[in-house]
Structures are given as C-alpha cells and as structure tokens.
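Next come the structures, one after another.
Two complexes are shown next, each including chain A; its partner changes from chain B in the first to chain C in the second.
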Partner chain A sequence: MKAANETVGIPAKGAVIGGSMTVVRKKQAAWKTAVNVILQAANVICLLALVLIFALPFVWMISTSLKTMPETMIFPPEWIPSNPVWHNYIDAWNTGPFLKYFTNSVIIAVGILILQMATIIPAAYAFARYQFAGSKLLFGVVMVTLMIPAQLIFLPVYLELSALKLLNTHLGLILPFASSAFGIFLLRQAFMQISEELIEAARLDQASEWKIIARVMVPLVKPVLVTFTLFSFIAHWNDYFWPLVMTTNETARTLPLGIAKIREVEGVATWNILMAGNLILVAPILIVFFFSQRQIIRAFVYNGVK
Partner chain B sequence: MAQIELKHVSKKFKDDVVIEDLNLTIKDGSFTVLVGPSGCGKSTTLRMIAGLEKQSGGEIWIGGRCVNDTAPGQREVAMVFQNYALYPTMTVRGNIEFGLKNKGIGKQERQTLISDISEIVGLTPHLDKKPQNLSGGQRQRVALARAMVKKPKVFILDEPLSNLDAKLRNQMRTELIQLHKRLGTTFVYVTHDQMEAMSMGDEIVVMDKGMIQQADSPLKLYHDPVNLFTAQFIGTPAMNVMNIRDVQGLELEAADRVGFVGFRPEQALIGVNKNTEGYCLEGEIITSESLGAENIYQIKTGSGVFFVKTFLESLVKTSRVSVVIPYEHLYYFQSDGERIREVYIRSQQLVSAGGL
Partner chain C sequence: MTVWEKLRPYSMVAPSIIIFSMFFIYPIFYMIYLSMFDWNFVSPTKTFVGLQNFKELLLDADFRQVLSNTTIYTLLTVTLTTGLALMLALWLNRKGVFHAFVQGAIFSPHIISLVSISLLWSWLMDPEYGLLNWAIGLLGFGKLEWLSHPSTSLVSLVIVAVWKGVGYNTLVFIAGLQSIPKDIYEAAALDESKPWTTFMKLMLPMLSPTIFFLVIINMIGSFQVFETIAIMTQGGPINSTNTLVYYIYEYGFRFFKIGYASAAGVILLGIVGILTIIYFKLLSKRVHYR
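Presenting the complex of A and B:
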C-alpha cells in the first residue's frame, strides 16, 4: 500500500498507519498536489466561464447571421442552424452601396491613423525629452482634453467644419481626430523609459533630432505604437456618432452607418441580415488583431537592454 | 589628434555650482584620467567636453578650435558610455554603421571600415547579432568599435569598465591601454577608482568638489601629492594621517603651521631594529590580512589607528609591535590640507632616543 502511495502520489488511507516521518511528509505532499489539481481545475472553469461571457454574444451573432428570418425568432434559439444561409452576407452587402461605405471607412480610419502618427510621435518626444517654457502646462492641456467627451463639443466642431464646407467629406471626418491625447500620453510614457544616454550616443553619432526619433526612438516603442494603432483603428472603424453627425448623403458615409440602415430597409428588423452586416464590419478588425496580438502583449511587458 | 583646453570653465545646475573656474589642458595623444569621489564634477567635465552639457561659463577648445557653440556630433569626439548605450533595435553592424551613415560615408567605404574595426576588436562573428544577445564584454567592444570607427580626434570614456566583472575588467583595461598606444589619439577617461586611474593614465587629474586638486603623472601623484586630499585619495590603503595634536615626540620646524602628518602604509617598517632613523610608533595589531605577496595590518597606537603594508615578508604574529617610519617618508600638511615641503625635524636624536 505504501509503495503504491509513493508512486501514485494521492493520499491513501493505508499511508496513515505508517506513522513514520517520511510517510507523514509523503501524505502532506500528496495533499498538496491534490489541492493544486483542484485549484487548477477551478481556475480553468473560471476562465471558461469568462470566455463564455465574452464569446456568447459573438457566437450568437455568427449563428444568427446564418439563419433565415423566421429561425431567428425561435425560442429556445437554435445555436447551429440546420441549413446555413450564406446568402445573407450577399443580401446585407446589397442593401446599400456597401463598397462605397467600406472604402469610406478605410480612407477615414487609415487617414486618421496616419495623421495621428504624424502628430503624436513628435509631440510625445518633445513632452518626454525637452524642457521648454510651458511644457508642463501644455501637457496638462493635452491631458484635460482626454476628459472632454466628444458629445460635449460636437456642436461647435460641427459648425466650424460646416463653415469650412467640410460636411459630407472625408476630411471632415478625419480632421477632428488628427491628434490623440491618449496617444501622446501613451507614447510619452514609453519615450521617458528610454535611457537618455541612447539619445546622447545618437547625437554624438551626428544624428539629427528627426533621425533620432525615426531610427532610435520609434523602433524601441514599436509595441506601444502597434497597440495605439489598434485602439485608434478600432475606435474610428466602429465610430457611429461622428459620421452620423457629419454625413447627410452617401459620399462619406461609413460602414457602421450602412449597417444601421439595414434595420430601416423593410420597417422590420431583419436580424439575420443585420448580423451578417455586423460580421462584415468586424472582420477587418479581427484580422488586424489576429496579426498583432504578440506586439500588443509585448507593449505591456517592458523589455529593455541593460 | 587634438589637445583639449578648458579655460575658466564653470557649470551651474540652477543655483548649484558644480564646477567653478576650471582650467585644464589635456595634452595631445595623452591618456588622461579624471578621477575623484562621486559628485566631484568629473563626469560633468567630461560631458561638457563632449558637448552633452553646456558650460555655464568659460571656453572649451579642442584641437585649436573653440567648440563652445559646436554640436556634439561636430566636435570630432567619440564617447563610450558607462552602460554602453548601444541601439537595442539595431544589429552590431547597424550600431557601428549608424555614425558613418550620418556622416555621409559611402556604402563601399562603410563596409571596409566596419570589417576592419570588427577585426580589431574581435566582433566579426557577431556582426549580425542584436546587443541583447551579447555578453557584457562583447557589448563593451561594440561600444568601442562604434567610437573607433569614426576616427575621432578625442576619445571620451565614462567609467566604461564599471559594469564588467573583475577579471574582464582587468583584461579590458590592458586592451584599452594597447588600443591607446595603437591609435595615438587623445583619451579622456573618467573613473572613481584610483587603482584604475593609476594603472591606465599617463596623466591623472584628481578632482574634488568641482575643483582640480592635482594634475600630474601617476608616480608624481603618489610620491609628491600637493595636498592632503590627493595624498589620501591615491594609494591603497590610503595614506595614514595624524592630527598634529596626537603626534608625540616629533619636534618640527616649518614656516607654516603643521596641521597634519602623514605616511604611506607601505613605507612604514614593522619590527625593524632600533637603529633605523625615523618616527617610531608603538602599537597593537588589531587585524592582519594576508594577500600572499603582501600583508596589511591594522595597528592601534596612541596617535590613532593606522594601516601598515609589508611585501613578501612573513606575517608578524606578535600583537605588540613598534612601527618605524623613516623621516624622509613623512608628509606634512597645513591644517587646510596644503602640503608643506620645507620641514625640519629639530630633535631627531631625541625622538628616537627618548622615543619608546
């Protein structure tokens, strides 16, 4: 019995009789492993529950997008449609000028991103590395803008852009987001972590400030930039509010508006078509996320060379 | 090749005066070491020469050119940093090449320069590695190569060996000395380690509290310190110093008032015959360390606790000993630390006869 206990490592009743120190120790060790196994199992169950909470709406969306209209109303819902209706995607695409929406979304999300990169990198570098008159105050102003919700200032911004004749244009949708306080903050913190000696070494290597930013600093904060890219891209790809305010016709309308319009097509909510449209909307984001996961994780784990 | 001159240079950080009226000439082709305790202004001085720190006043000349308003990259100065400051995202080749690219040197020439330099410092097999995959010694070599490849007029090294282990440090020390001989360029080296300074420099500048205490050759510093600070800073263990009040049986005659009397641990003699002329101290050995070739004793006497160092002698076992310091090896200082050279001992006979 004792031998079996040793090899299996599970507390067995026979082991108690032994009474010697080694047996007691073995028993304790066995208990420990048992507790560990239980804890690990509990951990996995908790994680699974969490996954379920997050994944369920998503799975439901996919499932609904493959159903016929009457099937969407069945209770309890049928999780895997018996006859998947792939045609829903084509129907969704055809409810409006979806190619136009899609290109608009791409132009706007990418346009915003490019402008943001062009503004936040130099700004963050200046805030992190230069001491100039009013630098603290200016950074404070940047931080304050983080706390102002878009809904609060949309009217003046709208009037301003309207005066500039930018309603219903791509530029009108891009310009208000040409910089990002969040991006400046995120990048400034990352730049501040980089040792000053690296910049000094580059200066002694005759590098200009722009070259220092481009060749030394930016490569070091690549994970942070990838993370910011993702945040910015998702936010503006999914943005519903601002395009709704700024557009009255199809010239600059984006995907989220197009999807919302599906609901109005026949007066009744065609959930299956709507969900198919939603999947078209989130697919690019999923693809981007899939390719940049590793960088995102790295952004939160600071790694430097000592 | 260039001579460096600092003329009335001062440096203030806000209201904090770090360096005041510093005058120094670093000879062309010399290996000059700035040494001093931390916070003495040696690194600041070095950074001002490199142009990384702007002096608050005075002029800096490199190779006959005033560089007050010259950017660091234009001063023809290369620097090796304490933590190497290698660009982590670039390969070894990229690190060495960066400065050359910025200088606008053509690709063909860059290739030749890089392969030459990596041959010299032994980095050829590692050219395509990233710095994080290199050992401390290899990183050090990359930093050196990056500096050397630019063929600067002046090399500036800021405690470059302090991140290495003792064995590697000794090895790199020798390599740096050889490198200096080979290049013949002016080296300015900063360290807080006086042993490193003594072993490497042909000119040593001892600094304290933002002022130059003494600038001389290593031997001159050791044998002929101009003040108490240098005397105590150079040498291991440090020079023993007695306040004149604690000195008994030594009648001195000097133009200035003697404040302190000092002697080097290695010049004191333990347990010699009484005929040796010198100042005699009687004491008790508190501790003794034997390092093989040398023994270091800590001896407690009526005038204080002293270190005595002997070479290639057997360890003294008795606890009570008499220590004799030959008169010519006594150093005298004023109470403000200035060295006094003209001192006559009035009662030599009396000292040794009446002494203990």
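Presenting the complex of A and C:
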C-alpha cells in the first residue's frame, strides 16, 4: 500500500517542478505504477485464494447438508443442490435424543463456568494480594496443573469418578473442571496490576475484604473475565474427549457425541444427514465468532502469548 | 492479625487446590502406581508385576509403531504449522478491515469442535465423491485414497491438523511481530539493510520467544492427538494412524488392560514432562538474559 502511494506521488511532484522532468522519467514512473498495480492485484487474488481454503470446506458442508443422498454421489460434485432438502436437519436431529444432548451441553458448559468463576476469583486474588506461608508451594500446584492435559490422566480419573459413583452424571463431567489453573494464572496477573492505593482507600472506608473484591476488584478485571468466559465456554462446548470417556450411556452425553454418533445410526455414506447435524453443532459457534471476532481472537491469541 | 485473617488466604485458594489435587495431581501418582499392576478393572484383586508392563510395551511391535506414528505426526504437524504460520504472518501483518477479515477467516477453524472438523474432513477426503479429489483433479492429479490407504492416512491427518492450527499460530506470530518496537525497523531502513537481512538478523531473533512458545505448545498438543483419530480412522488402516492417546484409550476401555494402558500413559507423561521442563528451563534463561 505505502509503496504504491509513494510511486504514484512521483509524477505529481514532477508536475510541480514543471519542465525539469523528461519524457523518459515520466514513462519510467508510469511503468512503475503499472507494476505496482499488478502486484497489488496479485496480492488481493492470493489473499482471496487463502480465504477460500478456509471458507470452502464450510460452504461445502452447507451445500451437502441440503442435498439428497444420490446428489452427494455425483462426481464431479455440484455446488448448489437443485432442490434444497431442509428436512435433513430434522432427520439429523431425530437420530438420537438431541434435546437431551443439547440440554446436557448447556448444563455442563454453564455449570463449569459458574463454578470456575466462584473458585478462580478468590484464588487469584489471594495469590496476587496476600503473603502467606506456603503460597509459593500452592501456586506451584496451580502451575503444575496448568501443564497437565486432561488427555494424560483420563484413565485414573475415570477410576476415581467410578469409585465416587459419578460416571454418567453431570456433576462427574463438571467437577474436574470446577476450577481452572489457566483462569487463576490470567486473573492473578490482572489483580497484580491494580494499584495498592485503590485498595487502601477502600479499606479506609471500612469495607470488608469480600466487599472490596466484589465491588472494587472484580469490575476492574472485567475484560479478563470476559476473555476467560469465552475461552472456557467454547472449550467445553466443543469438548468431545472428556464426555466420551466419562460416560457409558446417554444420560449425560453432550452435543458433540450426538453428532459423532449420527454415523453409527445412519450408516457411513449418509453425508447429507451428517453434514446437517454438523451444521447444528458449528452454526452457534460461527455466529458468535462472527459478532465478537475481536474479543474471541484476543481471548485465544494474546493470552496464549503472555 | 486475627486467626481468621491469617486463615483467609488459605480459605480462598482451598477450593481450587482441592479440585487440582483430586483431579490432576493425585491421578498422576495413581497412574504411576497402576502401571505396576496387572488388573482388568472388574476383578477385585490387582496383581503386582513391577516393570513387566513397560517391558511388554517396549517389546510390542504395535506399540513401537504407535510411538513412531506419534513422533512422525508430531514432527510433520509442528514443522508445517509453525513454518507456514510464520510466512503467513509476515504476509498478513497489516492493519485494515480486509486483512482483519482474512485473519478471522484463517483463525475460524481453531474455535470449531474437533468433532465437526473430523467429520467435515472425512467427507472432503472421501475417495469416491470427496471435494479434495475433485480439487486435485482440476490440477491434473488422479484420485487419492487419503484416509483409507496406509501410505497416505497419517499425512492426511497432518493436513487436517495444519488446517485447523495454522490460523491460530499465524495470529500469535502477528502479535509477536507487532510487539517488536517500530524504531528498530526504522534503524534497519536507515542502514539500508536488505529485507532478507532484516528478517534473519532482526525479526527472527526478536521472534524467537514466540517461535519457541508455539513449537512447544504445538508439540505437546500433537503428542496427545485423539479426536481426529477416533472419528476419522480408529487407528487404521493397519495401525498406520494409531497414536499414543488412542492406544491408551483402546487398551483401557476396550481391552480393559488397566495396568498396561497406565504404563503407556506413564510413557506419554514422561514425554510431555520433558517437553514442559525444556520449555520452562529455556524460558527462565531468556528472562534472566533480558
């Protein structure tokens, strides 16, 4: 962009100087401008091609979800189905107890989020603001937890939940994530940046510690809480592994498991029904992403960096 | 200070610490303990076998293939994702609505459930009617079998992982690029440094913490790949895409060999643990250096 503007500027400058510019130089300038325009156009075309690599699979998913089964078996494929079959969505929904899957997904993702808020705010505040014996060791526990992925310990946790009679329950799927090491880590950073004077002022007003936290501190770290909310909700809404491993029947199963199961119910080749079900799972997230792209990207990217 | 005031911080961290101890710290020790037993989950008695499970694992040709599959998958995924992302970041690091749109588009797979991505790509890679075979047909190539052939199955999974991860990596790189102070570029421009020299001598060193961060988290993530395998290939064809977590899952939940599966888990723990320690070691060095 910048380079193009500068070269475009050359003939204009020449015009101000007047007759000092030769015809040859004018030609050279015009040539340079043309090259730049071509480069710009090539750049835009490449950018669009890049977008297509990421957008076309989703377009293809929508297209397939509206086809009849014979239409999915045309090669080379057709992009626009002649008669969109909206019924595929109902068929997908009816392959299993989808209302139950959906409710389970909401209960689990929201339940985890509420408990996390209740546990990480006080913990992060204590680690940021109090000095107490053993705080280093306890924070070490948080840091170690941060580094342990759920995929590593599912077997012993399964045995634990089985002993606690919590398999196939909402609580069993919520409890292991009732606090978040990542959340504590993020919030602690935010609490540490709040100035001491602000808290002293609140203390002088005879406010209790809990009141200070609720009325003064929490509003100040609201952006971090929004970030964490997006992060946690999306992660648990999408989760397939944990509910798969910790359930043996339908009572507590979630939407991703229901979608993955369509294949078993409908057979391998019913791609139209599968893609319709897939769209039910993807659409809410993509819509939320469309409207809050900046916050979501910040939630996932910038917190990953620091 | 009253007793209550002294106890307050402990009461504030207690719920989190209890959760972490119960569901993250204790299970690690429990898994190490279980790895030394022979147990089928149903029987009331566990038989102590010492390191027998580890010995069996390392002698098992299937497990050795699982280890090599996981390593190849990780190396390919990490190199391709990080390398492509760095190039894309240099290209896309510009302000403006259009570039923000492009950045959003390439990032979008990162927030989509792996279930959706796996199902979608199973369909895209369908050997008969898939879009991918049509696309490579346009370029003059013949049809590929993608996931259904052992020679292409693992690479197909790598393609899916790169497609999902490259956008996130790119945006992290862009964040890294934007944190480089502007006056450094100006100084380089004054010195009439060539773009390639500026990149090698200036940007790459400044970006090294970001590169390092991404390589490590991509590695830790790739070593635990599960969802795409469970949905797209179930470890096949002929064991060609079986990886560590899927192997542990199958031995634990299908064959009920808890001790054996735990031993495989301990090996994964070792790998992830070493990567994590390297990460923190180098991280603290960098902090000191600065």
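Following the convention adopted for this analysis, the second predicted complex is superposed on the first by the 221 of 306 C-alpha atoms of A that agree within 3 Å, B and C clash if a C-alpha of one lies under 4 Å from a C-alpha of the other, contacts with A are read in each partner's own complex, and residues count from 1 in each chain.
Throughout what follows, a contact is a pair of C-beta atoms (placed from the backbone, for glycine too) under 8 Å apart; a residue touches a chain by one contact, two chains touch by 3 or more.
Every value quoted in this text rests on a predicted model; they were computed, and no experiment measured them.
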{"item": "First (chain B), second (chain C), both or neither touched by A:Phe75", "value": "second"}
{"item": "Chain B versus chain C as contact partner of A:Leu152, first or second or both or neither", "value": "second"}
{"item": "Touching partner for A:Pro57 - first (chain B), second (chain C), both, neither", "value": "second"}
{"item": "Partner chain in contact with A:Met192 - chain B first, chain C second, else both or neither", "value": "neither"}
{"item": "Contacts of A:Asp205 with chain B and chain C, given as first, second, both or neither", "value": "first"}
{"item": "Contacts of A:Val245 with chain B and chain C, given as first, second, both or neither", "value": "second"}
{"item": "Partner, of chain C and chain B, that touches more residues belonging to chain A", "value": "C"}
{"item": "First, second, both or neither for A:Ala181, with chain B first and chain C second", "value": "second"}
{"item": "Where chain A meets both chain C and chain B, residue numbers", "value": "304-305"}
{"item": "Residue numbers on chain A that touch chain B, as the complex places them", "value": "195, 197-198, 200-208, 211, 215-216, 219-220, 222, 304-306"}
{"item": "In the complex with chain A, residue positions of chain C that touch it", "value": "6, 8-10, 12-13, 15-17, 19-28, 30-31, 34, 41, 88, 92, 94, 98-116, 118-121, 123-124, 126, 128-129, 131, 133-134, 137, 163, 167-168, 171-172, 175-176, 210, 213, 217, 220, 224, 226-227, 230-231, 245, 248-249, 252-253, 258, 261-262, 265, 268-269, 272, 276"}
{"item": "Chain A-touching residues of chain B, taken from the complex the two chains share", "value": "50-52, 71-74, 77-79, 81-83, 85-90, 98-99, 102-103, 131-132, 146, 150"}
{"item": "Residue numbers on chain A that touch chain C, as the complex places them", "value": "1, 47, 50-51, 53-58, 60-61, 64, 72-77, 118-120, 122-123, 125-127, 130, 132, 135, 138, 141-142, 144-145, 147-149, 151-160, 175-176, 178-179, 181, 184, 209, 234, 237-241, 244-245, 256-257, 259-260, 263, 271, 274-275, 278, 281-282, 285-286, 289, 293, 296-297, 300-302, 304-305"}
